[in-house]
Each structure stands twice: as structure tokens, then as C-alpha cells.
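One structure, as C-alpha cells, below. Some questions next.
First chain written, first letter: the chains are A, B, C and D, and each begins at residue 1.
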Amino acid sequence: MGAINGKEFIDRINKLKPEIWLNGEKIDELISEHHAFKGFMQSKASLYDLQHDDKVKDEMTFPSPLTGDAVGLSYLQPKTIEDLRKKRKMMEHWAKATNGIMGRTPDYLNSVLMSFACCANYLEGKENCFPNNLRSFFEYARENDISLTHTFISPQVNRSQIYIENSKEPIAAKVVGENEQGIIIKGARLLATQGGLTDEVLVFSVGRFLFNEDEAFAFAIPSNTQGLKFIFRDTFLGGESNFDHPLSSRYEEMDSVVVFDNVLVPWDRVFYYNNAEVAEEFTQQSAFHHYAKHQVLTRQIVKTEFLLGIAELIVDTINISEFQHVQEKLSEMIIGLETMKALLEKAENDATLDEWGFIRPNIIPLKVASNVFPKIYPRFTEIIQLISASGIITLPTEKAFTSEISRDLSLYLQGANRSALDRVKIFRLAWDLTMSSFGTRQTQYERYFFGDPIRIASDLYKSYPKEKYVNTVSQFLILNIEDK
Amino acid sequence: MGAINGKEFIDRINKLKPEIWLNGEKIDELISEHHAFKGFMQSKASLYDLQHDDKVKDEMTFPSPLTGDAVGLSYLQPKTIEDLRKKRKMMEHWAKATNGIMGRTPDYLNSVLMSFACCANYLEGKENCFPNNLRSFFEYARENDISLTHTFISPQVNRSQIYIENSKEPIAAKVVGENEQGIIIKGARLLATQGGLTDEVLVFSVGRFLFNEDEAFAFAIPSNTQGLKFIFRDTFLGGESNFDHPLSSRYEEMDSVVVFDNVLVPWDRVFYYNNAEVAEEFTQQSAFHHYAKHQVLTRQIVKTEFLLGIAELIVDTINISEFQHVQEKLSEMIIGLETMKALLEKAENDATLDEWGFIRPNIIPLKVASNVFPKIYPRFTEIIQLISASGIITLPTEKAFTSEISRDLSLYLQGANRSALDRVKIFRLAWDLTMSSFGTRQTQYERYFFGDPIRIASDLYKSYPKEKYVNTVSQFLILNIEDK
Amino acid sequence: MGAINGKEFIDRINKLKPEIWLNGEKIDELISEHHAFKGFMQSKASLYDLQHDDKVKDEMTFPSPLTGDAVGLSYLQPKTIEDLRKKRKMMEHWAKATNGIMGRTPDYLNSVLMSFACCANYLEGKENCFPNNLRSFFEYARENDISLTHTFISPQVNRSQIYIENSKEPIAAKVVGENEQGIIIKGARLLATQGGLTDEVLVFSVGRFLFNEDEAFAFAIPSNTQGLKFIFRDTFLGGESNFDHPLSSRYEEMDSVVVFDNVLVPWDRVFYYNNAEVAEEFTQQSAFHHYAKHQVLTRQIVKTEFLLGIAELIVDTINISEFQHVQEKLSEMIIGLETMKALLEKAENDATLDEWGFIRPNIIPLKVASNVFPKIYPRFTEIIQLISASGIITLPTEKAFTSEISRDLSLYLQGANRSALDRVKIFRLAWDLTMSSFGTRQTQYERYFFGDPIRIASDLYKSYPKEKYVNTVSQFLILNIEDK
Amino acid sequence: MGAINGKEFIDRINKLKPEIWLNGEKIDELISEHHAFKGFMQSKASLYDLQHDDKVKDEMTFPSPLTGDAVGLSYLQPKTIEDLRKKRKMMEHWAKATNGIMGRTPDYLNSVLMSFACCANYLEGKENCFPNNLRSFFEYARENDISLTHTFISPQVNRSQIYIENSKEPIAAKVVGENEQGIIIKGARLLATQGGLTDEVLVFSVGRFLFNEDEAFAFAIPSNTQGLKFIFRDTFLGGESNFDHPLSSRYEEMDSVVVFDNVLVPWDRVFYYNNAEVAEEFTQQSAFHHYAKHQVLTRQIVKTEFLLGIAELIVDTINISEFQHVQEKLSEMIIGLETMKALLEKAENDATLDEWGFIRPNIIPLKVASNVFPKIYPRFTEIIQLISASGIITLPTEKAFTSEISRDLSLYLQGANRSALDRVKIFRLAWDLTMSSFGTRQTQYERYFFGDPIRIASDLYKSYPKEKYVNTVSQFLILNIEDK
């Protein structure tokens, strides 16, 4: 079928009827009509519609190598820098459609799956590994434009470095059995964003942690698989009014705890299992970090542009551009934005072919950006608050502006260069991005996107090639390495 | 009547029926039973009840100099350091009753009014000034335990330094006429916290801004005065469940724009008017900053203790105390807390008598604290988020814990040292303080409590006695001051 | 003659005998043999020798458009991105030869002069402007490989924004007369680095300040012009031992106050004078900032690599790489380095042709880098100190290592992975870069390279194109621009 | 004999003739006449003279409990808060005499020794411990006003947490034998400030490290003990001119590596040895940290005042007080100063009696200050550089001001409110404090005074009583501690 449109996306999700729990209740109604998901589902559907929009469809799809049908460009396995740039262009289109606010536009998971598929060879010949299952699933996803979520983190019971789970029942999801049909999983995984709102769930393990063999697996299953439950956190949807809640009314993606209640994963969907070494190495060896970080950086740039636009609009609205400290704060945002852009471009320019013939954006600038953004994003939300002062608090609602009191509001809440209505729109947006429950979850999300900031700094240090700089200094000082 | 209890407070407010607009609707029902104010009104009422609590009533009240009745200690005009310490003890009781979260416990405005009354002499003999009105109103407030709000900021239309309002209709509140009964005010003032939820409104002007004569006034009027309107911002109440919204369900104080629609202020309530010089000088000359900052610092210390308690509880719950960066973050909070405590103590120890015989806490340590807290409070909320990682996002509701899914939650969301229920309680509190709409408004509130952080830094620099340090250096260098 | 070698450079400077004052004495001896300049002159001479080094001479020179002789590549007026990259390569060679420590390798001033020459057309037809003089001087400099310094800042008497000089005698250099031979200058200019140690001095005015007409001029004169005096600051040369003072013994460049004691500037060396508008606009309109910043950024990257090499060498020497906070600090340096590299590359990739047919690197990434480096360089010197602890203080001298006590030093000062001798070499280098008088002057130099950090942040904000981001947000909110 | 004067101090040191190595040479001449120590010795002598200065001698001494002679107040073992305040007053006198620049005024070591003596009881009855030796030595020091240095850190060979020394020869000082006369020490200790310039050396071990039994000891020996060598680092003395080097010409204290070349420590000078537990616990149990931190904080406050004076003098000299960012930077310094003052006062007010009847200042505010100062001091030196711009670089010498070129300097280097001479004096002081080799060593010294900043933050966190704040939150949330 190839690249789907918004209606196809919605129909497919509505038909699935996965087991979703929200606020102590099991969801029965159609997902796309449920108060908590309606706005989000429409926003996501509009992304799929872009694939059929005459103006950009050629930049959103490419001909399937299998059928020639137009399929989503995020599934393209890139072999040239030009491929990379085409992919980035497509990702920009989707990012701009939501101003970078939707964290999980489809290209994110598609890129993750694509990165795994590119490295299926790695699994070849290894114990309990099934590279062909991975390749088939990738092909299936590409040809059917399958929407995905993923989950790879164990519950946050105990973050001590030496913690060993000793609960009677599994807490972290584990292989508790296997039979002719497949493997059986019991336990939980944390924080699948959009979990239950996608066709399938991709489950795998991320390296650099201590693994038990029975926690080392990767597979994909439909969201409505028997025994699979999605327990949603409380919603951060402020309400349905686009005026009052310009962002949460459209982009509240939801996060869920994923519970596996003796879930049977059929053999043809198992990519690997009971192999701790593969679990530790696969995401490191694969192009996972390359393609995931390439997508994320592209989106974060669009989001930073949105923040800068908001900040400048506030500066203009209340006429504070003459203040040196305001100029300095805005220049901080410009510096952040341009830094991210330069790093993205460098990652593409310095891309290299991997052993399997695919081209990977250079990981160094991407890792640098992954270290930078979790620090600057919260700072930029703070800058928006700092320049807004009380304006970001004094927020009447849409209803107030259509009521009798509207005349007073129009007079007393006007801005230097904006009507009261526009002024409140601007500040409500600033608020929804930086101070509403929706906005602060965004901040936490960006801060932890690739894990604990301390750990990703350590990783950058450890993986960075420092020898040549050490050698330069050693030669300058004429050190006697050998005299020790 | 003297110090009131909670029921008296509620009854009096319910009887007032001021003109309050919320979400485009005029409030008709009883304030204390309205969804948006119920929790707050109960919390505030409980503070008044403390005045009659056997355990602390002696520390909450003192005998009225007029009647001998027990009246609120915040009305005491201090003449000794011991008085100051008694006042602080009382303020601690009230602050602890809400863990420092309620920004405007009654002692804040009572202290402000008391500080004005102490300096009524300043107004003596000045044009358009009525010191006796101020003294009488203070006495009336003290004897009847009147609850107050205040408002002193003009609408944020244009924050440029050279802005001159040129609207046809007044935007900033102005004296637009006077007659035998009093002066007539038209226009608006910004951000009265608890506006409409108190007996009276204290209106005055804060120095250091450019004033037109007609914007220079101070008075107090009942909240239900004809023509006085309170337009509320959107509510940040998350809901009524103490489990889901432990703070906003109790402490959502509301802010309002105060509109004066040709309000008549009777002469006996006018403290001064049409005197720009007095408007600029009175808050500087009076003990306003001394007593207000003394109250605020006392409350902020209690709040910081609450934050530190939450942070340590999280550290323990997910067992992360071994990490050096966690230790460093918590030590930052300890440093902030101990710094604030030391500054408060020094302000009291170095208190001095003013020209009218009242003792003022030393302003330097208080100004320093006013510069410190707006920086450390947002940082501490950030630290709480940083140590919480995804735990502060994965927040099921009270209803979920009483539903069928509760068993899964109990298993998968448990903490290293806490049950899932307690773990979620702790994280919901952390969230409500730092990430909910209620919490982020608290952050903005603390950040701007005494005005723009840049401006209060400038003020500290300008008002600080630097000469002796300059002289020490000049003598060390044997400078020839005169040879220039 | 074309590109010179080191000996030619030294001979020419020795012959000049400009009026130089150091420590209250007029220098009489040969510059290249004077204790204070010997090391520096040799280092600079070695740069000129590189132009004749077989391995790189093709990358250091190009054929003169006039004579076909090999002339310095920094004089190339670039017309393609390839030209830009060639120039950068050449600048890297020179930067690496001194590890980025020499602030004023010849390419800096050559690039400045070249940038002016590219824009000589701008002066065409303007009052008191002589574009041909500029073109001739550029040609003369290129063909003779003339070394230059420049000076453009008035004495730091009073930095208030509203200061107007009212001294009887000129303080800031001024045109005090003109005659048939030329214009006469009296007064001083600040901080010519290497002033008196170059063939010529380029004097001009940088825009964005208030000018009097008589302070608005640009010209170039030989360092030994009658009435021209260079008053040197105290030297920061630690000593002549490369072991004890690995940097200052080689790279102490000296700064000087330049005094014009009724200096006659011949007409054929005047580029413009008595034209405040041109003085304000020329450096803004010309490619000055483009080429100067391109050179500076290239050098700063090499310097940052040197700092990173030193830091990693220390980490290894005392074996502290396991500490998370050390990893974090080093990752900060990596982030800074990679950010600078990405910005440089982007500036080149996004280069554009100017109206006169020359290609300019894109100014935005260069301005961003100019904002970034003054903040990260001091931080990186601090990181080096922080990881060094007492090791950067306990510094015996070369003489100690050749004395009787050497045995004790070798035993007690050894590092985990280095001999005591190497360990001390490394720490002395770290010290000379970050803590010696030479090193701290470097820090101040980088911090202020393009002026007051606050002002360059303001400039970035003001000159950055923000409209498109504002428009994106305005469209998202459907603002009614016209309803105001 | 009691409190000595400056001449007595100098004579005694001159007579000692300890083995000192500087720049590869053994010092033979009189210490007080040696170029490298002359200025320092005079400065220190002037402190002893203060003990006989009529204006303050009563505040500098107290009657010996043994003889009734006036002895130094730093030896007073405090039993009341009043005692503490008297001691602080005395320490202020000494700190002010050098503006806090001399790090080791005699009261520092005297306080350390006094703190040990107060806790001699702790050693009672423990293996290899000799409390009476400690008491006698303290009495001897007090009655003879003995000057001391100390050393407690092992060489920085390898800072890894798991390092075990495996050199053939001892590197860290160890007990290598014992006989009838005493114990024999071989190896080195790091960084005795003023080592070799005092009567005696106090050697001990600081807790919280891994100890071998043979590295666990405490004793005191005369500086001229056989086999004891002091190897000095390179000098940071800039020169002897007070104009050119206002600080280093007076206060260069020198640091030394202390080498024990089979040094015999007589039994009556051994306080403990071969007891790792005591070595780990004694400095923790004793009042060492209390009294040492009390002295250090007192001095650091005086130093901070000096920095603030310099900063304000610069602001005034070049007339930059109108800039908001300058005001903000100076306000940062004020905040730091007032914070330190408040913490000191609180430490005294909250002092408590220990088990042996001595009063200890409260350790919490002192620990907080120990965490604060290492961060603010480097920042304040940076602020001074930031406000100084090029003024702190353009530094002519004293000789220049007495030469022919002086007229030009006077004209061109004048400040808005200062003559050129005074302007240069001020900037040279700023430079000597923040940018000369002397000044940067001061920065490193303050940064590491009580050890690695990360470690002292951890210590604050671990030792701080957090329970009551946790309990408050637990009660607010009605946690079920027991249901886990």
C-alpha cells in the first residue's frame, strides 16, 4: 500500500483497540474521538496527509525498492550524503508541521527501525539472533507505513549502580518461558511515548547497562497483542481550546508504562533474545545513535526556531528590545540555534560509509549536540519566562474574551505593539510551552532524551579521539614517554 | 473583636460579594463553596484558626494596646529586637502551616500596613497627605483582623524606559476627579494576589518609577466597593484531589487585574494623593522594605526546607544518594538554605531604631536575601527535576490507585525504599511544586517577588556602603586623591 | 621581492630603529637581540621561514598578480569558496606553528589590510577619501611582505557613554593640522600589539562609536616615523628558559600605547580623514569583520586543541580519568572545540559574493563564534586549573632538575604515568598558559578580542535576521497584526 | 617569654638555618635578607609587632594561665562565646594588616595546634598515642610564640581512588623504623606553605583517606631537624618594587615539598603513630575543622572586602558605574561578602560546648562558607578582570613613571577620576591580585583550601541533618513508611 494518509492512520488505530488504562479506567471508545487523544490524533494524521500534499509529496516519499509504490522517505536506507540530506529535508517538513513540539513524529521510530535493519548483518550467525525477522519486519513496516513506539528502559525502582532486582515477581520485563509459538514476556517497561496509539511496539535493550540474559531481547508486536497493557500517566492536556492551550490541545502525546502480562511474542517477530552481549553491543554497533540523533537534532532546531520566534514576539509586544540584558538573553538563543545548525551540517558533511554500505552522519557533532540541547532548552524556556515577567501569569481565557468583560481586557491588557487579544495569545503560547504541565513535561523530555546528562557527557569524553591533541602537546614539550 | 478564627474569616468574605470575573463569568455563588476557591479558603481559614489553637495562640497574638483583646501579632509595631523575634516566630508558625507555599499568608499584608503606620509621621504636614487616615485604618485593621491584598503595579503595556501613556482612556489607574466625598479613580492595576478574596484592598505606589501626579496615591477600600472589579487569570487549580494535586488543591491563591471603574474612594480612606514626590519616597523612607522582606525571607526559608525535604525523599526513594553529582546538587540546596537562615538572623541581630522609635531589621542582609532567592529557588526546582528523571512524569492518578489496575501500579512503580503509592505521592508533590501550572507560577512569583532581578541587583549596588572598602584600598596604595 | 623569510624579517626590523620605551628606557640595541624580544622575534621569524619550507610553501604562497613572484597567501583577495579554504589552510599552518598562542601571526593584519583593499571602491568619490592610496599600500605590502600592527582604540580615560573629552591637550589622537606634505596627528591610541616590532602601523577607526571629525581617519606609516613613539607595558616574559617558561619565552608579543607627537602622515599614505561617517561605516561595510573573524576563529580552534591536549595529558599523568566530574569537564572542552569547528565550516560553506566580487565567509556563524570563545576560553583555563589541583603550583625550575636535589624531585614529583621531569614540564606548560602573567594576559586578550562581550552580544542580537521566526509564530497563532 | 615581636621572630628564624632548596640552590644567607623572602619576612614580622602595639595589644594577647605573661590570643582555648568573639577580633586585626592576602598569618597554625590540644583527651589510652606530648608541645608553643607550618598531604602521584603505592623507595612519608630516641621517617609530604620559614613543622594526617599504618602519625619538629629538607617551588615574587608588585613584593609566602630523609622524631614530640584509626578519626573528632574554618572565614571576609574595594575603585576610576551589567557584577561581590559575614556570625551565635568543655563555633555555617568561598573567590577575580578591560594589561612600571616618558604616561593613561599614576597603581594592584603568578596562585590556594571542591560538597551533604525536613514532607503526604 505504501505511504498512508491521515484517515488511514486514524482508521487503523481505531480498529486496533489495545488495552489502555487512563485515570483508572480502561478506554473503550474510539481513540480518535476520546477527549484525551482527539487533538493529538488529528495532529499526527495531518503529518501523514503531508505525504500526499502535492507541494511536498516528492520530498516526503520515495519509490519502494520492492513495489515501486511511494513509501515514506524515513524508511530510505541512505547510501550517499545526498540521501542523508533528502531525509533531513523530509524530517524538517514534519518537524515544521508541529514546530518541533511533537516529540515523536513518525520519522523518529521509522529511523530507529531503519537503523536496525541496516545492521541486521550484525546479528548474523550469533546465538538466539534472527536477522531475517528484523529485515522482514522492516520491509513490512515500510510497505505498510506502520506507526511505532518503542520502549527500552526498565522501571525506575532503584537507580543505584549495584542494584539487583530481588522481587518475587518480575518487575523489569523478562523472558519467563518459550514454546513452539514464541517467547513469553512478563514484567514492565517504562515510558513508551504514544504507547497504545501506534500500530506496533518495538521492544529492545539499550547497551551500557548490566543485563541479565533474560532481560536481553528485541522484538516488535502489535499494540493489541494479548496481555499487553498500556498504563497512561495523568494527562497534561489543558483543554480543547486552541486559544487557551495552543500546544497541549494539539500535541499531548501521552506516555505509558508498558506491562507484559505473559505476552507471547511469536518467533517470526523475535530479533534476538537471551543474549546479553548482543543486547549490550547492538545499539552501539548499529547506526541507531547516528540516525536517531540526526532526526532528533533536525527536530530540535525547528523547535529552537519556534522558541526564538516566541521570545522576539514578546520583546516586541512589550517593547523591551532596548534593554542590554534582554539583548544578551536573546543572543544566547541565537547562539544556541546557530550552534545546533552548524553541528547538523557538519554531521552530514562528514558522513562516512559503514561496513555494510550505508552512510552514517558523523557521530561526533551529533553527540555534541546531544550534550548541548538538554542544557540550552531548559535555559531558553527560562529566558522566555524571565523576559515575560507577570505577563506570562496574567492569562485570561478565550471565554473571557468573548464575554462582557472583554472590553476591560482589551483596554488593560494591550501590548505596546499588539492588541490585548494578540498579546494574550502570545503569552498563552509562551506559557503553554514553558510553564503549563504540558510544557514542563516537554522540558523534562528534552533534558533526558538520550539519557542522564551526566552519562552522555561521560560517553562523549570517553569516545572522543583525543590522541592527536595529546601528541601535539607531547611533541611541543619533547616528552620522554619511555623514561617512565 | 480582635484576632478572628477561620469561620469568621470565611463568613465575612462570603458576605462581601465583590465583583469577581473568572473565565468570562461573574461569580455569584459563595466564595468558600466555589470550586476554584474552596481549597484555598479552607487553607487560609486554618491559619486564622491557629490564632486560637491552645498550643500556639500565645505566640500568635498580643494584647491590643487599645482594648487589651488578643490581636494578631503581625500588627505589633516592634520596638525591640525581642519584638522582631516574636514576630518572626509567629510568621514561622503561619509559614509552616502551608510549608511556605501560600505566598500571601495574612502576616504579609499586615506587616506592610503596619510598616506604613509606623511611618505615618512622614506624611505629616505634606501636601495632600492624611497621616491620621492611615493611623485609623491601621487600628481598624488590627482590631478587626482585616484581611488585605495590595496592588501597586501598572499594566505591563510597554516596559520601555521612556514610555509615556497616550491612550485616550486611562490604562494605568488615575485620579480622574474629586468631590466632597472623596477622590475618583479610573483605570487598572496589575496582579493583586488573592484580589477579591480579602476584606480590603490596599492601593499605593512604589517608588523609583516615573510618576504622573495623578498616578500618585495611596488608599484602602473594601473589596466590594462600587465600580471595583477583579478580573481573574485562568485558574491553575489542577483538581480537588489532594493526592493528585497536593498543592494546587489547597493553595491556589489566584491573581487578578484590578479595575477601577470610576471608583469613589472616601476621603477618610485616602492616605495621600496627587503628590508624586511622596509616592516616590514613602515606600523608600518607610519601613516597608524592612518588614516586608523580613516576612518574606521567613516564609522562603520554610519553603526551602520543604524543597530540601522533598529532594532528599526522592534521593532516598530511588536510592541515588551514592552519586557524587546528586550529593553536589543537594549540597547546593543546603548552602542556599543555610545562607538564607544566616542572613535572616543577621538582619535581626543588626536591627536599628528608626527616627520614630520603631526597630527595623537591618536592610542589607534582607536585600542580599532578596537578590539570592530569585536565583536559587528556580535552580532548586530544577534540581528536583534533574534528580527525578522520568519519575516526575510517570504519574498515575488517585483513581488509578483505587482501580483494577492498581495491582500493576503497586508492582511496577515501587521505589527502592517506598511503596508505589508513597512513591507516586512523593513524585506528584515534586511535580506539583515544580512542573504543574501551579508550581511554575510559584517559580515566577518568587523570581519577581520584589521586582525585576536586574533592578534589585542595581539597587543593592547603589545603596550599599562601599566607601570604607574603597578607603582601605586607597590607603594601602597611598593614592593622591587630590592630585587629579 | 615577494614572500620573505625569517632572516629578512629580522633584518628589516633591526634596521628600523623605531622609538620604543620599555620600563622607562628607550631601546637602543637591536630588537632581535634584546632580552625582552629575542624569543618572540625568533618565533615570528620561523613563521616567515615556513613560506619557504618545501613541505608547505605551495600552501603558504600564491603567484603575485603583478609580478608572478610567490607572495603570502594571506594577501590573496578571495573570489571563490576554494580561495577561502586555501586561505584557511594557510592560516592553520601558521596557527599550528605556535599552537594558536601567538595572537598576531602575520596573516591577521594581512587579512585586515586585504579586507580594506577589497572595499577600496567604497571610498570612491567620498569627501577626504583616497581609495587609490589604500590600493597602492596594499600592493606595496603584498609585494614586500610588510609586517603590520594596527591601532584603533582611544585611551580608556572614561568609559561612560556620554563622555566628551575636555582636556587642553589632545588625549585621543586627532588631526591637529594639515599641510602640503600631509596631515599632522597628535595624541595617543591604545594597545598596539607588537607595536614597534613591525614594519608599519595601520591606523584606523572602528565604527559604532561617537566620533569627532578630527578623530576620524585611516592611514599607514612606518614604525620609525618621526614623532611616533611606542610605550610598552611591563613585560610578561618569565625568563628565557623554555623549560621554565615554555610559552612566554617564545611568544611574549608585547602591547604598546602608541603616541603621536605631531606625526606627519604623508598624503599618499592617507586613506581617509575628517570624515566621521566614513569612519563609522567603513569597517561595517567592508569585509573587515568577515576576514578578521575568519582568521581569528581558525587560530582559536588550534589553540583550543592545544588546551584539550594539555588537559588530557594532565588527566593521564595523575590518573584521574575515572572521575565523572573530570569526564564532564573534559567533555565541556570537546563541546567547545567541536562547536567552533562546525561554525567555521558553516561560515565557509555559506560564503557569499559581495558587491565588489569578493567572496565573504558568512558572518553569522563567525559572530556566533566571536560570542562563544570569550566565554569558553577562560572557562577552559579554569578547567585546567581545577583538574590540576596543587600540581600546577608545585613547580620546580629547570635548574633544580640539574642540581643535586634532582634525585628527590624525580622520586617525589613523579606522576602515575610520567616521570617527574615530564610531569613538571606538563604542569609548567599548563601554568604558563593559565596562571603566569603571560597566560592571564592571553585570557584577557581572548576575552576582549572583538571588544566588550556585552556589546558583541547586543550586536549579534540586533543584526540577526529574526523576522522569519517571528512570522512562523505569528502564523501559528493567527495574529491580527493590523488590529492594533 | 610570651608573645614575641617582629625582631624576635626574624632573629629566631635567621638563627635556625634549615635546609632549604630554591631554584636548585641550597640557601645559605640569612632568610630575612634573601631576595626571595625579605618582603615576606618583614610583613610577617610586622604582625608580631602588632602584639606590642599599644592600640591593640590588649586585643591581641591574654595572660598565660601558666605564667601570667601576655601570650598570643590565638592560643586561647575558648570556653565561652565571648572567648570566640575575642579570638575573632584578634584574627581580624591580623587579617586586616595584610588585607587577607597572607594566607598563613600565625593565628592559622596556632588555632590548629590549639584545636588539637583541646582534644588531647581523645588520644588518652589509645595505642601508640601520647596525649601529654601534645599538651606539652602546645604549652611550649604558646609560651614561646612558636611559629609553625603544617603538612598533611601525600605527593600527588596518582589520584585514582584505588591507587596503592608500589614504589621501591617510600614516596609518601612513612615510619621506616623506631629506636630508643624516637621514630624514623622517610619520604615526602606536599605543600607546606612557609615551610622552612617557621620555627617548627607540625606533621599529621587528615582523615577520610585510606591509610597504611605506617603513614598514620602526628608530630612536631624544629625546621632545622637533621634530614629535613624543604624544596621550594619557583618563586612568584615579581620584584621588590611595591609600586610594580604591590602584593608579591610583600606577601609571597612560598610553598615547599617537605622531604624526610630518615628524620628522627624524638619520642617526646610524637603525638601518635602507627594507628590508622586514630589518624582517620582525630581530625574529625577534634575541633580542627571548627577552629581552622573559623580563622579562615575571618580572613576571607577581610580579603573579600579588599576585592570589593578594588573593584569599586576601578569602577570609579574609569567611570563605569552607570552600566547595569557593572552594577550587577558588583552586587554579586556584595552578596558574597554579606553571605560570608552572616555565616560567620551564625557560626559564633550557634556555638556549642564539646565534651571536653571547650566551645566550638557551629560547624554547619562554617562548612557552608567553605563550600561558597572556593566558588566566589575565582569569580570575583574574574569580575575584576571583566570590568578592567585593557586597563589591567597596559601597565607601565615605576621606573617609567620616573623617566622622561612619564609626561606622556601622565597625559594618556589618566582616568576619569584619577591621575595616571594613581590609575596605574590601582590597575597594578588589580593585576597583582588576579593575574600575576602571585595572584593566580592565591586563586588556586583559596579554591583548594579545604580540599577538592567536589569532596567538600559531598561532605556537607552527608553530614547535614536532613531528617527533620524529610519528616515534615512525609507527614504532609501522610506516607506509610511501614507499608514497604
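Convention: contacts are C-beta pairs under 8 Å (C-beta built on N, C-alpha and C of every residue); 3 or more make two chains touch, one makes a residue touch a chain.
Per UniProt, the chains are A, B, C, D = 4-hydroxyphenylacetate 3-monooxygenase.
What you see is a predicted model; the values in this text were computed from it and never measured.
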Relative to chain C, chain with the most remote C-alpha centre: B
Please tell me whether B-D or A-D has the greater number of C-beta pairs in contact. B-D
Using mean C-alpha positions as chain centres, tell me how far chain A is from chain D in Å, no decimals. 52
Cα-centroid distance, chain C relative to chain D, in whole angstrom: 40
Express in whole angstrom the distance between the two chain centres, defined as the mean CA positions of chain B and chain D. 43
Note the residues in chain B that touch 2 or more other chains, in rising order. 324-325, 414, 454
Which part of chain B faces chain A closely enough to touch in the complex? 21, 23-26, 153, 155-161, 163, 167, 169, 171, 187-188, 190-191, 229, 231, 233-234, 238, 244, 255, 257, 259, 318-320, 322, 325, 378, 382, 385-386, 389-397, 399-406, 408-409, 411-416, 431, 434-437, 439-441, 443-445, 447-448, 452-454
Could you list, by residue number, the parts of chain A that touch chain C in their complex? 96, 99, 246, 305-306, 308-310, 312-313, 316, 324, 327-328, 330-332, 334-335, 338-339, 341-343, 345-346, 349, 364-365, 368, 371-372, 414, 417-419, 421-422, 425-426, 429, 454, 457-458, 460-462, 464, 466, 469-474, 476-477, 479-481, 483-484
Which stretch or stretches of chain D touch chain A in the complex? 324-325
